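Across the two complexes that follow, chain A remains constant while its partner is chain B and subsequently chain C.
Moving on to the complex of A and B:
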């Protein structure tokens, strides 16, 4: 610790603390331009210069660390003069076109000049003019270099946080311009981080251009719904139109200013005119508007005539905790059936194995804590596409804290560049690969590890065999095992591919047990792709367990797949689907279509008329996340509130109220009547789900953020012996393995309804290894036909470097050309052929 | 596009550096040797060979005066240093003399496309100031008379 004085106030801070942070702790804010907490130090703008006792020259606070007994003055006349001079200097080349600048009103330069002067500039030289008209850098980014203050935050954020590095500083001195290669259109993540960090109006949002002034916007601080990273974002609207979403200094989320392209530009779906606004009932084959009373009466009538085990509910894992809790309660206590699931993509068994392997039923764990481990091991996830902001955090925290990152994945991704070791394994063989790593560790520490549960299942396996099965070279397996073995602490980030392919959970369980036995601290963080997936499981929206992973009193229920199977035999009387699009998501479209058709009565509750909605018997208009109250739990186990910006559209209602109404109609003991609000349901949740006992939410947010404590029942891990460790067999007719997952610019109906995101991804694409494409006579941009045993589809080809040669990727959420038509029921990795031509 | 020979040279250059990005300056020089300047295609090719972003190559190319990202119009590119040492020893007079001799201003090219004149910051030859660089050659300890002779020698 170091003790020093800031403006006469004595404080103690840790060694190496920057003067800027020390002053902040003492309560003095030092103005900055080029400084940004997440970024490397630059110290170029000289806005933060301060006086240090005994030193003649002023020093920059953002790059100078504190020393014992320093006496720092941040508010002397000399400092104020210097600030005014620096601003005068910056303004000498600034366009000063505030009246037409989008940034005016929230511009750091404007605020700073207002506060520190100068009132007059003395520079007589001509201003540097880079260009006359603003130029576009991407469908979402537009540039005006004449306003630049050369802080280089955009360049650094693109490189150090986003990991793209497509912006550069061209030229030098006053002629320096931060822009793209030859000022051309960017081929990047389009995340808009450059816009967010720009202190002036140099990088701007194209959709927001000339639309509004910041003080004319109404806003709500809420949680982004696009993935389970759970970024805090401010959604802003003017005259009923959602205009932008922003994570700024004052949103105070753990994500700081970070958002991805979906989170920053994808919320215009809320304005889409195709939003549902009234209940629709199928009359003589067509969906016709009806009143709520009529709609609920129909449900009541149908429910009365149905047997409990022939009723099921499938909810989206984007609903709030309160809604999901209510839904499972209505199903279990009202209807008397445990047929409730929160995913149409995954089987209950696979998700249960994943919950056990990643200890989701235990306590929460923050990304920040995870990044304190020596080694970060990312498995089974395409984190760069599925959880972009988590990817940013891993990148910049591992660089600034000097941690080792290792990646094992099927597809190449952006994070590879920030990783020290990268392993590319075959699809569905993560288990074999992890078994190889555990086997290596076991061989080296046999005496110590012989008592670990499940380690016997490694008998009979060899590194050689596992290497062949997983497609990872023995050297890479050994290198990873060596790195793990030399680390004091290890964080394993495990992603959705493990559930999607039902693969690797056994290996992960054993690996973490082994590492723990080797006296290492082990953190396991799940990486999920739906905003409230973890919350959904916590709430018991799962056929195999109740709230808080409690054992069910009665029988376990059916998961979505089992419900469809039952439906295909004509044994489902009523299926209640909330926010999920089974036809677009269930991995076998043809089967799902046949099954859904045979459901006795299909109720779909959604904000858009999805494919499943189009064939429903009754469609109920729900509310989007800016039209309701509640909480969601992100992948870390952080409970965060979502708050309404406006009322549900038209006759649409909050989903919680609809579910409660259905509950009250069928309840035998009146448990769903009375005033049911998100707050009252939360009180029930606290009693029923032990981990949520301490959660307190109010206007400011939720405290007791990370859910704690131990769940009532610990789910059982599957053993490595159950993993598939055989080699994949070649298939002459269909030579490629198809894998799927989320796309960076698309994750389903919501992104598909966003006109901005549709500009970033215009049509369904298939990704293929560049060498493989070349040898097959295909080039980037070709239209190709993809065929499998299940069906076929047309896609635009995108070639990728460093991809496994036989693996192709199609995102799982394209509305047209949905990938599930290529799947056959029970098939994890379909074999496909790719041929030129449409 | 870069020739195979240049690409091979870049591969050799890469091996000398701890990471490929550090090889950017030398690789760009190799690329420039082909035709005396670097084009958009060249910068992309260098970026591809070094596995870095094209803009990172442009950053380097745009920063140093020794790279010609835009093709100088004249056959000979005369760059006169006007940094501290050269200025103290009369760079101003040298520039003026060249301008008068050629009848053009700094930044311009003679009508016959023979010479393009520009000024540069320190070229690292302060001990022999004033100096100028013509294409890849240094001309040092300049005087007005010496400059005139040198210019006449340029075809």
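Moving on to the complex of A and C:
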């Protein structure tokens, strides 16, 4: 600890703290331009200069660490003069076109000049003019270099946080221009981080350009819905049109200013004119508008006529905790059936194994805590595309804290470049790879580890065999095991591929048990791709357990797959689908289409008319996340509030009210009547789910962190299975393995309805290894036909470097050319052939 | 005695009455100060007068307004609405910033001229139009197209005069003929005409 005085106030801070942070702790804010907490220090703008007792010259606070007994003055006349002169220099080359600049009103330079600045400039020289016209850097980013203050934040954020490094500088000194290579259009993540960190208006959002002024906007602080990272974002609208989403320093989320392309540019789906605004009932084969009373009457009628076990509900994991809790309560207590599932993409067994392996039924764990570990091991996730902001956090925190990152995945990704060890395994063979790592650790410490449960399943396996099965070189497996055994603490981030492909959960369980037995601190963080997936499971929207992972009183229910199977036999009387698109998501489209057709009465509640909605008997218009109140739980176990910006469109209603209305119609004891709001339901949740005991509610909404130690049900961790460790067989007719997942620019119906994201990804694409493509006579941009046992589809080819051969990737959520048509039920990794021509 | 004679003469000859009549006669014969408004004459206010808003163009005919919304921010009564947009034919930047909507509610407006002061491009200026009466509330909102039409009184025309005008009954409009001035307030010796 170091003791120092800031403006006469004595404080103690840790060694190596920057003067800037020490002053902040003492309550004095030092103005900065080039300083950004997440980024490396540069010290170029000299805005933060302060006076240190005993030193004649002023020193920059953002790169100078504190020393014992330092006396720092941040508000003397000399400092104020220096600040004013720095601003005078900056303004001497600034375009000063505030009236047309989009940043005006929230511009850091404006604020700074207003506060510290010279009232008059003395420079009469010509200003530097880099160009006359603004130029586009991407479909979503526009550049104007004339306003640049050379703080290099954009260049640094692109390299250090986003990991793309596509921005650089041309020229030196005042002639320096931060831009892309040859000022051309970028092929980057289009995340817009450069826009967000720019203190002036050099980078502008194309969709927000010349639309409004920041002070005109109505905003609500809410949670981004595109993945389970749960970034806090401010959605802003003007005159009913959602105009931008922003994470700035005053949104105060754990994500800081970070958002990805989906989170920053994808929210224009809210303005889409195809939103549902009225209930639709199928009359003589066509969907016709009806009143709510009529719609609810029809449901009541149908529910009365059906047996409880022939009724099912499939909800999207994007609904709020309150809605999911209500839904499972209505299903279990009202209807008397446990047929409730929160995903159509994977089976209940696989998700249960994943919950057990990643200890989702325990306490929450923040990414920041995870990054305290010596080694971060990312498995089963294409994190850079599925959870971009988690990827940013892993990148910059591992760099600034000097941690080791290891990645094991099927496909190459951006995080590979920040990783010390990368392993590419075959799809569906993560289990074999993890078994290999576990085996290596086991062999080294046999005596200590022989007592670990499940370690017996490793008997009879050898590194060579597992290396062949997983496709990872034995050297890589050994290197990873060596790194793990030399670390004091390990964080394992496990992604949704483990549920999607149903592999690796056993290996992960065993690996974390073994590491714990070796006296290491082990953190396991699930990486999920739906905003409230964790909350959905906490709420008991799962056929096998109730709220808080409690044992069910009656029998377990059916998951989505089992419900469809039952439906295909004509034994489902009513299926209630909320926000999910079974036809587009269930991994076997042909089967799902056949099954859905045979459902007695299909009710779909959504904000768009999805594929499933088009064949429904009754469509109910729900509310989007800016039109309702509630909470969502992110992958870390952080409960965060979502708050309404406006009322639901037209006759649409909040989903919670619709579910409660249906409940009150069928409930015998009247438990769903009365005043049901998000707050009252949250009270019930806190009683029913002990993990939510720490959640606090006030006018700002409910928030808190999940607490552990009170989960009522410890799910079984399965051990390494046989099917995980066998080698994949070659297939002459269909030589490629198809994997799927979220695309960086698309993760479902919502992104598909966003016109901005549709500009970034225009048509369904297939990604393939560049060498493989060359040898098959294919080139980047070709139209190819992909064929499997299940079906075929046409896709645009994109070649990727460093991809495993024989593996092709198609994102799971293209509206047209949906990938599930290539799947067949029970087939986790379909084999496909890729041929040129449409 | 003399007083009595004076009184008698005054009363017999109705001298006081004639005095009064002379004043009447003088005004009857002198120039009328009543304006024949609106049919034949109209008053042109002084240059400093703040009346109806007008949006202006530059010499090339391009709108000066860049839709910066500073007038909206400066307005004490919130009577101005501006929505910017990109002009596809742009010359500055990729596209120009222009106003998609520029409207002012003339009933809410208190004609303080803050918008004029705030405007960085001097696009909005208060003209000398004061004939704002209308028969329904829709007429109190002036939109961009109407505001961009030129005012019948040029900006640098020295006001404070009465001019001949034609009242066009069909359009309910007065057309001043600025060159036919009439000195409504004739200068008296010792009083400066200069304003």
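Assume the second predicted complex is superposed on the first by the 826 of 838 C-alpha atoms of A that agree within 3 Å, B and C clash if a C-alpha of one lies under 4 Å from a C-alpha of the other, contacts with A are read in each partner's own complex, and residues count from 1 in each chain.
Rule of thumb we're sticking to: contacts are C-beta pairs under 8 Å (C-beta built on N, C-alpha and C of every residue); 3 or more make two chains touch, one makes a residue touch a chain.
Because the structure is predicted, anything quoted here is derived from the model rather than measured.
Undergrad: Considering only touches as defined above, state whether A:109 meets chain B (first), chain C (second), both or neither.
TA: Touch partners of A:109: none, neither chain B nor chain C.
Undergrad: Using the superposition on chain A described above, determine whether A:768 touches chain B (first), chain C (second), both, or neither.
TA: neither
Undergrad: Examine A:182 and indicate which partner it touches, taking first as chain B and second as chain C; both and neither are also allowed.
TA: first
Undergrad: Based on the superposed arrangement, let me know which partner A:676 touches: chain B (first), chain C (second), both, or neither?
TA: Neither partner.
Undergrad: With the two complexes superposed on chain A, say which partner A:212 touches: chain B (first), chain C (second), both, or neither.
TA: second
Undergrad: Just to be sure I read the superposition right, which of the two partners does A:167 touch: chain B = first, chain C = second, or both, or neither?
TA: In the superposed model, A:167 contacts chain B only, not chain C.
Undergrad: Based on the superposed arrangement, let me know which partner A:144 touches: chain B (first), chain C (second), both, or neither?
TA: So A:144 only meets chain C here.
Undergrad: May I ask you to name which of chain B and chain C touches more residues of chain A?
TA: Counting residues of chain A touched by each partner, the higher count goes to C.
Undergrad: For a test of understanding, state which residues of chain B touch chain A in their complex under the given definition.
TA: 40, 43, 52-56, 58-59, 62-63
Undergrad: Where on chain C does chain A make contact in their complex?
TA: So the residues of chain C touching chain A come out as 66-70, 72-73, 83-86, 92-95, 97, 120-121.
Undergrad: Under the touch definition given earlier, write down the residues of chain A that touch chain C in their complex.
TA: Going by the criterion above, the answer is residues 98-100, 104, 132-136, 142, 144, 209-213, 215-216, 238-239.
Undergrad: Please name which positions on chain A make contact with chain B in the complex.
TA: It is residues 164-172, 180-182 of chain A that touch chain B.
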